[in-house]
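Structure first, commentary second.
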Amino acid sequence: MSEFALLTLLIGALGLVALGIGGLVLSRNLFRVVLALALAEAGANLLLVLVGFRQSAWGAIAPIIESGRDAASLTPSMVDPIPQALVLTAIVIGVGVQALALSLAIRAYGAYGTLDMNALRARMETDIDSAAGTQPARCQHAPAGGRPLPPISAGARRADTPGTPA
Amino acid sequence: MLTRYGTLLFAAGFAFLLFVLFTSQPLGAPPMLAGQALLDEAATTVGAANIVTAVVLAYRGIDTLGELSILFAAATAVGLVLGSAHRTLGAGAPREPGGFILRAGVDFLFPLLLLVGFYIIVHGHLTPGGGFQGGVVLAAAFVLPVLARPTETLSHKAMARVEGLAGGVFILTGLGALAFDRAFLAPLLGPGQLGALLSAGTLPVLYLAVGLKVGAELASLLLRLSEDEADA
Amino acid sequence: MSHSLLALVVALPLLAAFLPPLLPGAIRRLLGPLALLLVAALGVYLWRITLIEPVSLALGDFRPPLGVVFYVDSVAALFVLAVALVTLLLWPWRGDTSENLDRKQSLTLVLAAACGGLAVSGDLFNVYVFYELAAVAGYGLAAGGGTAAARVATFRYLILGSLGSLLALLGITLIYFRAGTLNLAHLADLAPQTLHDPFGLAAFFLILLGLGVKAELFLVNTWAPEIYATAEARVSALLAGLVSKLALLVLARLLVLVFPLPEARGALLILGMLGMLTGEFAAFRARDIKRMLAWSSIGQLGAAFIAFSIPGSLGLAAGLAIALHHLLVKPALFLLAERWGGGLARLAGAARRSPFGAALFALFALSLIGVPPLPGFWAKYLLLSGLAAQPDNLYLLAGLVVLVTTVVEAVYLFRVIGMLHGRDAAHSEKPQNMALDMTLPASTLAGSGAFAALLLAVALAAPWLTAPLARMALQMNDSAAYVARVLPATATSEATK
Amino acid sequence: MNALDILLALSALMPPAALLFGRWRGYAWLAGMVLTGQIILLAGCDLPLAAGMNLEIFGRSVGWRLDAFGRFFALITLGVALASTVYMGGEWGERHAAGGHSPRWLHGALAGNVLAMLLLLSSQDLIAFFIGWELTSWAGFLLMAQGGEKALRAALRYVPYAMSGAMAVLGGLALTLAWTGTLDLAALTGIMPTLDNTKLALLLALFGMGFSIKMGLLPFHLWQAPAYAEAAGAGTAFLGAISARMGLFALALLLVKLMTLTRVADLAFIEGLFTARDLLAWVAALTIVLPTFTALKQNDARYLLAWHGIGQGGYMLLGIVIGDATGSAGGLLHVFNYATYQAALVLAVFAVMHRTGTADLNSLGGLVTRMPLTFLVMLLGIIGLAGLPPMNGFVSKWLVYRSLMLDGRPLLFLMTVIGTLGTILSVYKLIHNTFLGQLRAEHEQIREAPWSMTLPMLALVILAFVTGAAPGLALSWVAEAQAALGLPVLAYTLGGIESPRGNLDMLWIVGVLFAGFGIGALLFYGAGGRSKRVHQLDNYAGGHFLSADVRYHYSDHFYAGLMHRIGPFYRSSFTRLESAVAAATDLAASLMQVWYRQTVPALTLLVAAVLGLSWMIWK
């Protein structure tokens, strides 16, 4: 594989990472956040495989000894098997984490009826405060003079309580 | 707006920094200090033609155990989040069964998927593939019928048993090495003949456990997500 | 005796987590505690032998740079013991349903296995796997609180944690790219030639940010108040007490073995200082106990980061002392917050209902502040004397930060103590306060009482514990011994070079 | 086991014993006996003594060793504790317990204070010192917090001060270790003066701040009065009489023994004009003046005395900072003298409170016929506090004045005189509003305080009188302490001092005074001694009968004219300083919390990662 092709692959993998992280930051929708995470992880995994790539005289060989071939002649030009094993592990880890994230998103949606991260965070803060019996902290976007925010009506708060199907 | 451009700028900057780092030494010529030594001796010590398998199950078997545990933890956590299985199906809205083509196709595919899945698993030490890949195919085999006939569901309890059994077998096989005064997860029974189906010692057994566990975990994950969707 | 028993640290809890579906009900409830007890016994055994000499185990009998290695020095052994004991003390005995109880117990066991693995692992990627394992189990447990707020908080935690893991993975990729090996001993051997440059530092920084999520490192610790406010108190105790310490331990090991560079220490020092400042000051304004404890633990871990940034075994001793002390105190405080978790105003007069609980709280608070002769004081003493001995003025500034934040810490902790002993809530005008029963249940008292007993035992035994602590720090600081133990034949490293 | 071991072991046994048996009536007598035994043991033993317990922690030895300087303070501590314990054991303690307070915890806190102070006073190295220091702080907190809601609040106000002080000391300890390599006090005596000026100044600032807070020196004094005044009665006496003096002990140790005064005088702010020593002297002088006049404004007897406690600390420090034989002896002697009459005064005030239920100076009066013994105690006590003969307060203040004049510091002398003036004014207010003037109708039936209360009070004032008439008794301890600390030793006689520049013989002074009294009495009784006793409520003014509900007792706006003059200087500037610090902390805390309420934490993480990586790569 040429130098150029390798660089292209590298840029592609890094681009995936950058896109993923950018999406992670900018997305407010929980589902998109999970997708962005998957994207970034894919990029990182690609990088890991790329790192194990070895250019040799006869091209790169997958680390599998085909039956009938002499192992000793193949191994010097095989690519590094360790990153491949690592990637396998990393992918499976990613799957587990993403499934968990999705299930959390489903439940959050079920309870609050929205997938918007900002709205969810505000609702969560309210819930935490009402459960602790404390006054909610003033939102950081509130005017500096400290004009109190309109109180959350009792009805709206009740709907937030856990266990009630939305 | 500022956040948006700022974020993009920083994400690009991050990628650029990584680019600088990854081009600071030539790609395609990794140092491979451990990798080369491993390539040289894997065939004789472990006996797996697929050296990646040797790494996954033998050299880095503990990583694989951790990985299985992560899947297990994720499946358990999903169960904890989404609630118990009993109330979801049946209690939720009734779902339409799949169309004829889907049902017939699934009936046709089910045995084939099973076969392919197990084939991939048991040849994991010889060819590309193995427990993870085969496990995913197995999971697909069991999820598809549920898509076709939503009223017939798989028993979570049975799947939990399979998971437990497979995980237990993996660890107990690893612990078995202690009985022979070897270290945890050491492959037993000798390398055998390179390239034969019955070679590489206990690796196929481990891969079978991995395949079953991955299949069961993934199937239960997917089912739980789909069941809950029906519920909500 | 063969050291292959080492693997049981991970294998036993995992086995106990996997097997329950196959077993009848009576046995499956006992399996977890039994496994943890065995691990605890193993920890004691390991600690005794490793105080003399560290041991290592090449998993699968593959020679070290190829396979994964477990390495246990006295520090790791002590943490193995701590993992088992603390998990046992925080064991979930009750759940809303039997199924969920099973799940929580399984996740707790997985968490214990992962923490044990983090303590003993000697391989960079293996550390990552165990770290992720701990993370996923932690997410599951945190979401297990059952409220909708807990789910949202866990989602946010999960996203931050996954981003951190991603960065850590990138860092590991960089290291592998440069050094071609993942074995920590091998890396330690190679680092001076390959990794002690901007490239290696960048990799370290990425890993620091990544693993720092669990260690509540400043920058990546915003999850902590939300999670601790919503999760069950026992889970918060596990995360704040145990998981954070293991992540910290891994980072400290990496710092000592592979990156003993001033820049790496500087990063740790600055982030630790910022964590201490933000954590303790934020706790000063906290309105409820759980978030107050969360911020306070951020501050305490900041102190531990500062300590580990001090070069030499003195810094390690200070860091270990702080980490172990926090490990004893914070879970106990969270246990007390199980019932007292609400707003501070609700606590008025609670000491009258539970005088023993209030006394325990005061004891832990005093130790946290560092009042002699409680163990917290010795930790703080080590930290400050270590900082003062450094020529760099930044360390002196860190010392000042430690002193100032301690004052802040004392004020908010004593505010709670004052509240506990103040006028009874039943006498106050607000009627909604009367409905709350602030009496602590016996199980809570027993659990935190056990921690208190340990704390007092440490306080009494302090003169006899200094020598082992110094020995542990020396062992941990001795990277040459690490390399020699894991890669006994220098031929190995020669051959692969 | 030597005497010190026995002393410490007994003290260590007392707090648990108090917690176990404190509810039993006889406990106070038991504790009193133990304390008496300790005093006898301590007074009789040969010093210095090293305790048998010697720990080895982190390669440093931690041990205890008592010298004559420590013994001087230890004796006062034990004596005051004895008086307080006995006071607590009688009717006062029963009333306290009946009010829902725990006698066990009060006894325990007192015993804990004694233990902590003994550990502090006998520390051999800085670690043992710091342990004692912290224990003293927190035992003090425990004692302060015993008196109900207000006391708890005052005690909580003490926490930030105490912690700031402790942390300053701890910081100083760490730097000392780093710069000198040792923490042993004896070793430091030689090494610390050799440090360069910057280091020494930093150490002085850290330690000095820590110790000043405990002592209640000027910018750090706000916590003390409410915390001491609101505590439970016997606790207030103990705290007021000796607790704050631990700060003086530490300062004296630091300035004289560790750093040496000459070295402190080298640390110049303005070369040749104003040094760290001058600064200390002026802080001490201001501490005399300002709190004393604050005391004048108080309407609560407890607060009035507590504010005086702060002011009197200034005399002690001033004497020690001057550092000659006379001045330092005066400063140290004042510790003892002050403890005797302050404890007596506080106990008297609480005896009045015990009978009348209030310490509000505006709702008392005319109690002299009801509680004559308490009146006597308070009379003698305020004479001591004001520093007039024949009480012992005169001797110590006289020594300080004299050394100030001999040292050529007229301005400081003026300050002390102004302070004394303020003291006299305010103690007159105290006794007048309590015992003189109009008796309130509701107080007509009250009786003298019980013996368990008057006995310790009387014992204390008798002690104050005896050591006033024969100061040589106390000066022998002071001279020992001076020698142990490394100060020039005062040449004393039984009646006072002997010096080429003039003697002081209290025996003569007291004799003359009493002769004067005798002549007056002779004249009075010789002239027939005619007097007529009338009922206190039997009053007429301008031929008009004054019924009991008419208030003619001049108590509110006492010294209205004076207060009008000095009022503008009391705009509570220190209180504002305190609340400014609190507000700044609060603001910082709110700002820090914003960090933990981010909507998108991933963004900051990304930014940080990029910046950090750039730093690592291009550094």
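Think of it as A, B, C and D in the order they're written, each chain with its own count starting at 1.
Simple rule for what comes next: contacts are C-beta pairs under 8 Å (C-beta built on N, C-alpha and C of every residue); 3 or more make two chains touch, one makes a residue touch a chain.
Computed from a prediction, not measured in an experiment: that's the story for all the values here.
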Chain whose mean Cα position lies farthest from chain B: D
Most centrally placed chain - per-chain CA mean versus overall CA mean: C
Result of counting contacting C-beta pairs for A-C and B-D, higher pair: A-C
Whole-Å gap separating chain B and chain D, where each centre is the average of the chain's CA atoms: 74
Centre distance in Å when chain A and chain C are each reduced to the mean of their C-alpha atoms: 25
Separation of mean Cα positions, chain D and chain A [Å, integer]: 63
Chain centre separation in whole Å, for chain D relative to chain C (CA means): 45
Two or more partner chains touched - positions in chain D: 593, 600, 602-603, 606, 609, 613, 617
Chain A, residues touching no fewer than two other chains: 17, 21, 24-25, 47, 51, 82, 86, 89, 93, 96-97, 100, 104, 107, 110, 117, 121, 137
Sites on chain B at which at least two other chains make contact: 3, 7, 11, 14, 17-18, 21-22, 30, 32, 34-36, 38, 59-60, 63, 66-67, 70, 73-74, 77-78, 81
Parts of chain B lying in touch with chain D, wherever the complex brings them together: 3, 6-7, 10-11, 13-14, 17, 20-21
Interface residues, chain D side, partner chain B - complex: 600, 603, 606-607, 609-610, 613-614, 617
List of chain B residues in touch with chain C within their complex: 17-18, 21-22, 24-25, 30-38, 41, 45, 58-63, 65-67, 69-70, 72-74, 76-81, 84, 157, 160-161, 163-165, 167-168, 171-172, 174-175, 177-178, 181-187
Contacting residues of chain A [partner chain C, same complex]: 17, 20-21, 24, 30, 33, 37, 40-41, 44, 47-48, 51, 82-83, 86, 89-90, 93, 96-97, 100-101, 104-105, 107-108, 110-112, 117, 120-121, 123-124, 127-129, 131-135, 137, 160, 162-163
Of chain C, residues touching chain D in the complex: 156, 159-160, 163-164, 167, 198-199, 201-202, 204-206, 209, 219-225, 263, 267, 277-279, 281-282, 284-285, 295, 366, 369, 371-373, 377-378, 380-382, 384-385, 387-389, 399-400, 403-404, 406-408, 410-411, 414-415, 418, 421-423, 462-463, 466, 470
